[in-house]
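Labels run A, B, C and D following the written order; every chain starts at residue 1.
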Amino acid sequence: MTGFHTYKTCVEACLRCAAICNHCASSCTQEEDVKMMARCIQLDMECAAICYAAAQLMSLGSERAQELCRLCADICEQCGAECGKHQTEHCQECAEMCRKCAEECRRMASVAA
Amino acid sequence: MTGFHTYKTCVEACLRCAAICNHCASSCTQEEDVKMMARCIQLDMECAAICYAAAQLMSLGSERAQELCRLCADICEQCGAECGKHQTEHCQECAEMCRKCAEECRRMASVAA
Amino acid sequence: MTGFHTYKTCVEACLRCAAICNHCASSCTQEEDVKMMARCIQLDMECAAICYAAAQLMSLGSERAQELCRLCADICEQCGAECGKHQTEHCQECAEMCRKCAEECRRMASVAA
Amino acid sequence: MTGFHTYKTCVEACLRCAAICNHCASSCTQEEDVKMMARCIQLDMECAAICYAAAQLMSLGSERAQELCRLCADICEQCGAECGKHQTEHCQECAEMCRKCAEECRRMASVAA
């Protein structure tokens, strides 16, 4: 059956990315200069939401999982680009995770189901 | 600011649709003939996941909310068509809610942001 | 069957509270003084997460829904208290919604299932 | 800062458990005897919802994460016990994951924050 095991690497990337984004958003609120982090917090929240939805559709073996992964890749790239601008450890870690997740989602979206 | 109030009708439709889909899936497992409900349960789970993600992106005022609403409309239509085949009250209610949510999502996706 | 209709008022309060919290968090990141909003953003994110989970367990007719609603009420109260300190419209709206949701969750948690 | 890294093992267990529960629920709907799987589908849906919420609160470094992990452990145990009754591979895998996640959540809930 199509589902978790078919898309394992991508599901795991999405779940980890969601958690890392939540962590980054929360950590950003505790930085000295929160204003500089405003866009990062916003994109972290969007990215966490879409990553978890993508992981759900993949785990459920949905026929629409690829379409969602395509959109998820876009949001991950946008979030990763923003996080990459900041030198805090949580932002750098999040930037790396977002880029990796975007790659996995692109690969998943391009494979024939 | 773009967000909950901009897309209020659509956010509310998505949230209600998610809840009704959860309720329908759970109710389906308690029917005498669960096998007949198998596809309905599957689509209810997918639809609940995507509807909540759409409500989140809209509430967050995300620039990607429209793209997600387009995909959400597709899944709602598919779920509504399946639910519509069954005469149980929860399936009929879910079919109606899915169709309404699909309409709201189509409208939202077609409006210039 | 226990589920959405049994707990309708509380489910609807939780879903709306989740959306309003998402909206408030996002709006807070766009305020002039984001630092002042840091705690509000943090609690909005926590509150949105727990409210949606509570709505899900209630919609699914879960036997554990009451326990989750008790915890949800606590988080809603904490979030509402923080939001209530700020005069921005989104924070005032969120404070009111959190208090209402806390009330609904307390009532739900105190009713024999 | 408290968050993802503090609770890494437990966050990862919760996320994986959520995905495996989604997969199990979907796989159950495709079994020959779906009726026998009805309770398993129901608990899989509840368990996926609570596991993801627990992962979110931990990733956000919430002060309430422990309370939610306690409830999450209860639901994981209930779900694992039900899944353990069925010999299908997805149920056996889910039973094992639920038990492991319950353990992680108990440990997390018992540690002073």
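The criterion applied here is as follows: a residue touches a chain if its C-beta (ideal position, glycine included) is under 8 Å from a C-beta of that chain, and two chains touch if they have at least 3 such contacts.
Which protein is which chain? UniProt says A, B, C, D = Four-helix bundle copper-binding protein.
Not measured: the values here are computed from a predicted model.
Q: Going by the touch criterion stated earlier, list every chain that contacts chain C and also contacts chain D.
A: A, B
Q: How many angstrom between the C-alpha centroids of chain D and chain B?
A: One centre to the other, that is 24 Å.
Q: What's the distance between the Cα centroids of chain B and chain C, rounded to whole Å?
A: Whole-Å distance between the two chain centres: 21.
Q: Identify all positions of chain D at which a residue touches two or more other chains, and write them in rising order.
A: 22, 25-26, 30, 42, 45, 52, 56, 60, in rising order.
Q: Line, ring, star, complete or other: which describes how these chains touch one another?
A: If you draw each chain as a dot and join those that touch, every dot ends up joined to every other.
Q: Touching chain D in the complex: which residues of chain C?
A: Of all residues in chain C, those touching chain D are 42, 45-46, 49-50, 52-53, 56-57, 60, 62, 64, 67-68, 71, 74-75.
Q: Would you mind writing out the residues of chain D in touch with chain A in their complex?
A: Residues in contact with chain A: 1, 3-5, 11-12, 15-16, 18-20, 22-23, 25-27, 30, 48, 52, 55-56, 59-61, 90.
Q: Sort out for me which residues of chain C touch chain A in the complex.
A: Those residues of chain C that touch chain A are 22, 25-26, 29-30, 33-35, 37-39, 41-42, 45.
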